[in-house]
Amino acid sequence: MAIENPLIRCENVTVSASGKKLVEDVTFELGPGKFVALIGPNGAGKTSLFNTISGFYRPSQGHITFKGQDITRIPAPRRAKMGLGRSFQNIALFRGMTVLDNIKLGRHAHLKTNVFDALLYLGRARREEAELRRDVEERIIDFLEIDHIRHAPVSALSYGLQKRVEMARALAMQPEILMLDEPVAGMNREETEDMARFILDVRAEWGVTVLMVEHDMGMVMDLSDHVVVLNFGQVIARGTPAQVQADPEVARAYLGSGNVDELRERLRAAARPRAEAA
Amino acid sequence: MDMDWGYLFEVSLTSVMGGGLYALAGLAFVMVYKATRVVNLAIGEMLMAGSYLFFTFAAMWALPLWLAIPAAVLASGVLGAVIERTMIRPLLGEPPISAFMVTIGLGSVLVGLVEMIWSADQRRLPDFLPTQAITVGDAFLAPKIFWGAVIASVFITAVLLVFRYWRGGVALRATASDQAAAYAVGINVPRVFSLSWVVSAMLAAVSGIIVGSIGGISSSMGVFGLTVLVVVIVGGLDSVLGALVAGLLVGLVEGLAGAYLGGEYKLLATFIVLVFILMVRPYGLFGTREIERL
Amino acid sequence: MNQQAMSPRRRGLMLGAAATGLAALTQPLAVLAQDASEIVIGGSIPMTGVFAFAGVGINDGIQDYVKIINDAGGIKGRKVKYVPEDTAYKVDVSVAAFKKITSQNKVNVYYGDSTGFAKTINPELERNGNILMAGASFASELNDPKKYPHQFLVGPDYTEMFGILLKHIAKEKPGAKVAFVYSDSEFGRDPIEKSEAAAKQLGLTVAIKIMTAAGSVDVSGEVIKLRRAAPDYTIFHGYILAPIPEFITQGKQQGMKSKWMGTFWTMDSSTVMKMGADGDGFMGVMPYRYYYDTEAAPMLEKIRAMRPEYQSTAYTQGMLAAMLFLESVKRCLDAGKPLTGDAMKAALNSLKDFDTGGLIGVPISIPGNSIPVGRVYKADMKAQKMVPASDWIKL
Amino acid sequence: MRIGTLKESYVADAALFDSRTQHVWLAIAAAALLLFPFMANDYWLYMACLVAINIASSAGLNILTGYTGLVSLGQAAFMGLGAYTVAILQLRWGTPLALNLLAAGVVAMLGGLIVGVPSLRVKGLYLAIVTIAATFIAHFLFANFDFTGGTSGLSMRPARVFGTDLDTSFRLYWLIVPVTVLMLLGAANLFRTRIGRAFIAIRDRDISAEVLGIALLKYKLLSFGLSSFYAGVAGGLFAYFFRVITPESFPLSMSIFFLAAIIVGGMGSTLGSILGAAFMTMVPELLKLVFDLLPGGADLTVFLAPVRLVIFGALIIVFLVFEPLGLAEMWRRTRRFFHLWPFKN
Amino acid sequence: MTQNATDLVLEVNNIEVVYNKVVQALRGLSLAVPRGEIVALLGSNGAGKSTTLKAISNLLPLEDGLLASGHIRFAGQDTARLAPQQLVRLGVSHVMEGRHVFEDLTVEENLVASTYALSGRTNAAKPDFDLVYEYFPRLFERRKGLAGYLSGGEQQMLAIGRALIAQPTLMLLDEPSLGISPKLTEDIFAIIARINAERATSMLLVEQNATVALAVAHRGYIMEGGKIVIDGTAERLASDADVREFYLGMGGGGEARSFKQLKHYKRRKRWLS
């Protein structure tokens, strides 16, 4: 299922850390405007793959291309500038800053203010900050409905709001591809619904491509166009939500293999004789 | 220039022996770091406190040595417990930088207290080490240095043995290895933290007594701690083996720099070794690399 | 202006509040301003910190001499007031003390605590023009009437101290091998270069110069070096006590035959006695008499009457400083001159064969900024005393 | 957190001082700064200059340690670099004051960059120890070169501006305080822009910051550079102020002093730099005052220095344990209280 | 299966857990473990399973978590005020997710460290290393080796063995199968079954591999979003179609309507210029 002009393409990517393979020979593509979900049981290597794409890990083998350009050796900050925006599994907001500053930070790579501008705060710095402020306020804060908390320090916010701020920051990065790492983990139903709606709206209004890691299967199956399933670092299945749901391999990865009753008999049999002896 | 091998040997021997004291003090430092992840910048001042306690018992109260030394070591242990309880424990869970800076404050407090109680004058400890000169071949070895090194190695060995075979030692190493798991197997982790400070303070006191008996004591002898810091950084903050090896290494470097370049190069040489080693191995010779996570 | 006014408002607030508060503070202090006829001795005295052992003595010495003078009716009827401030031997604190004392009193003479302070405050002294200063420093650099016109040293400078020792050595053992052991500090390095030349002139060989890190405790490496140089005399400088005893002990253990010597700040009786048995025979230069000296000396008797317990050489130093201060003031007043720095310094330099009441064993003259005289004393551990090992040596 | 101020543009909202009351206070403060030299005596002027120099240096350290989270015990060394630069330029070439101060900043900055280079590989407390090494290496260089005057250091002529010698505290005040004010303004501005935000991001979680497009090494170096530039200029002021500089003018304890100042004042706060440096500089003087007021104060004087040390250390500990945000936070709390008192608004 | 209060080793009653003062991980969770039984706690990642175990063993504060409300009773005693080590000494052993063996210690020292669990226990037998080695002969072979060098499966055995030393009444097992091959997983679960059968140790088992968990367990709970959504006997859960749906998000179930059909409502406002 090769895509003509994939926005992002991972080719035989293998990532190792301290002798363990976190991701092994993973290949997948993501077309512009698509919504792809990356799923798999705990420890399957989803976040590692995310970290590799955003440049925190360097693959030991394989290549990653973005808009046709090989970015395997490009450091993380430059990838951000190229248009890879992401959120983090455990909220990675900067707790010492206000919501507004956190969001502004997302734009960092696109701004030009240098130290001298900054110290003087005249001319370029002043203009750029005002422009940024307007954009953040009018497009992002308004969009995500967090205007009432913009001056609040993030540490004082509820979890759901923090997740939303993190999404706002990712949007401020002006990403072409938005990578969301478990955007609704730990949220209640209402917050999950809000977040899902925002993700859909972002996609609709901004035309952003989305790559998402998520455990909420309802959400994954509902929102995504395409699902990639990882287990033990390898791709075990891929396809539309329906195809993946029907895949016995996926069921095995999630639920375990074999027949419960048979297994129970075996386990009990292993325990029984000694128990009687004891 | 002609190489005077005898001189080189004599200087090296003396400095490696002197490095034994760095190793012992380094061990005291690593003890706390391993268990509690606190970088104790006041290690030199804790040494000083130990030596002043010894001075009080031995010179001011005129207790016999066999009583004064254990008394000073025990009193230092109590001091360690007090420090842990009042300054370190409240910062549990705070970033490690906080505890680090608290120990800077602690250093200042200890120097102030020593000057308040004993004044800032230099003092000499009663001589208790044998004074018979030691010779190895043609080389002289100052008896204090020799006996200091002997005592240091005895203590280092004892500590290593105790922590290998004593259950409390296992608890300490277990806590150092994995704090959450230590809680989960029923180890009283806060008590282990206390224990590590107590043991560290006691070891510091032993080194302080030896250092003080070699060069006299004063409220500025905490400077010794700077070299100890270099030692533990070079060795790797959490490595006992590192502290031992780096102690001897730094002793040697210092001695050679002093001998061939001059006294003003001693500290400089050790710091250059430090910077060099950190550039090559950012976690010291034997330190554990901390794994970064997003 | 606008830019500046926009500046950290909070800071301004703070300082503003502070300013008002502080201004209020200065008022009552200004009221304390002295009676115009008083002679004021200001002092940045290191009563605490690493130099406290000397500072406390200095303070007592000045105080006692002021008392003696005031009890005798002051100077030409004018009372003397002594205003000390503790400095903890820190330059910035010393300067602060100077500023504080001079802004609250009309100071005539001033005692400063360190070389750093003497150098730092010198421009201020010149600008002020009405203060004569001496202090605890014997730095050779200060012994320059051109650069330091309003200051003087209460004894020989460090180079002169070495000169006295070397002269003694040259006499006792011509052509002897000498070692200099000194600390890596301004204090330690001060006399070394010049004294090396001086030694050559006297026909002595400087066998080795060993600089030790300031505050170093383990000197065994240095002792090895020293032993190999096999000097006849070893002069220590730039230390108070440590690591001298360790040098001597280890040197003796390794069979060295050197004689050991020190300079002023090491030479207080109580300091030398701390060296223990190995310190027996330790020699050094001392410009003053010791408290327990038995030769005829009216001032020493007065001191012993006022203070029955041993007083350090720092005490003597403080007392002598006060004596020379007030003698200069007196000579100015006698001559009807205003108490300017120039006049007081000129009065000081006019001292010829001045009798210090026995604080110094010979009559002194002060041609420049120092009193280049001293004597070699030697430790007698049995008697727990320093005993003379030479005559008074004038350079 | 102010109540009832209405902003009409984003620029206004981003201004450092935005309300009318603030402007009034600002004017009062400026007036106080202008009038102070005419009211205070020499001692208080001296203290004011010293406080201002320490504030400038603390503001620099706060950029590095408070905002960027890189603990440095090398601030004194960088000040020393600045001070020696000024002294050498003046003594050798007689260059003008403004140029000397700028050069002091630049030279110190270069020193800072060199120390900062390991910061990408060497982390956290290991890095703090490297900065201690820098202090000693700088001391060694100062003490062992001819052009630095060796251990006896350098003595300078007073700074000369428009034909006037800045040789009294009163005159120096008009150099030191404005320069400090400008530097503080720069620091405050910095944290309104992407540069300052990047620093804070590195402090809070450096790895995530990288993924957001912040080049770690670049910004860590920038922070080191800026911080030591501040230290260098402060050191230059120090040189003009004391006019005698020796290697011993910049000991490790001075670096510790600055660290203590920002801990007590408040890390990551410009106000914190100001309050902390002012407070810590005044503590010894205040203590003397207290001792003088105590009965039998004269006998207690021998305890002054140790008590000072104990209090100095205790302040660090107490603030870290009980008020980690420092005096700045206490000030904000007080202000909030008075802002609403006795009525809302 | 009759249940009355005295038969319950563990009762968790309507607990809420908050991390970092903001993240609500558990929202009114209740469950119970009958004496001598294995109870499986299943659910997708992030549902709060591990948090539940940490709440029970009082390890939450280590991760800045807080039991905000509700009660936990172990053997009838409220555990809120007990330090983790006290709880271990009372008989609750937690085998943490990711094994958490002491890597710098030898296998045997790992077991020695665990003897602290017996401190202050009046009726405790001597620590029985042989028992552990009998269950896990491979640990005996490697008892002098550093635990850090063991394979993942061996480390899991050591973690369970370490808990056994504590002679627990209740064992909390967190994902024993994590990162372990299916064959080894079955071996380990067989031993878990043996321990339960031979030593009557009650167990609360968190597992993502539902098949093996339900095979070994007597009862099970399924949680989502910080609370229990389904419970029943293991047999019933194993045959329940909802469980499967639950894991794989097959939709159709009660509240799961499509997000795409949620109403859009957007405020518009005027902006400053």
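As written, the chains take the letters A, B, C, D and E, and residue 1 is the first residue of each chain.
Please note the rule applied: a residue touches a chain if its C-beta (ideal position, glycine included) is under 8 Å from a C-beta of that chain, and two chains touch if they have at least 3 such contacts.
Computed from a predicted model, the values in this text were never measured in an experiment.
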Using only Cα atoms to place each chain's centre, name the chain farthest from subunit A. C
Compute the centre of every chain as the mean of its C-alpha atoms, then state which one is farthest from the centre of subunit E. C
Quick check: how many Å separate the C-alpha centres of subunit A and subunit D? 42
I'd like the Å distance between the centres of subunit A and subunit E, where a centre is the mean of that chain's Cα atoms. 27
Report, in whole Å, the distance between the mean C-alpha point of subunit C and the mean C-alpha point of subunit D. 35
List the centre-to-centre spacing of subunit A and subunit B in whole Å, with centres computed as mean CA coordinates. 47
Would you give the residues of subunit B that are in contact with at least 2 other chains, written as numbers and ranges? 115, 119-120, 264, 267, 294
Quick one: which residues in subunit D touch 2 or more of the other chains? 9-10, 143, 207-208, 211, 302-303, 305-306, 308
Residues of subunit D touching subunit A in their complex? 9-11, 13-14, 186-187, 189-190, 192-198, 200-201, 203-205, 207-216, 222, 226, 268
Contacting residues of subunit C [partner subunit D, same complex]: 3-20, 22-23, 26, 30, 47-49, 52, 56, 85-86, 88, 91-93, 95-96, 99-100, 102-104, 115-116, 119-120, 122-123, 127, 139, 141, 184-186, 188-190
In the complex, the residues of subunit B that touch subunit E are 93, 167, 170-171, 173-174, 176-189
Name, in rising order, each residue of subunit D that touches subunit B in their complex. 69, 71, 118, 121-126, 128-130, 132-133, 136-137, 140, 143-144, 207-208, 211, 252, 256, 259-260, 263, 302-303, 305-317, 320-321, 324
With touch defined as at the start, can you tell me which subunit D residues reach subunit C in the complex? 16-17, 22, 25-33, 35-36, 39-48, 50, 55, 143, 150-153, 155, 158, 167-169, 178, 181-182, 184-185, 188, 242-244, 246-249, 270-271, 274-275, 278, 284-285, 288, 301-306, 308, 331
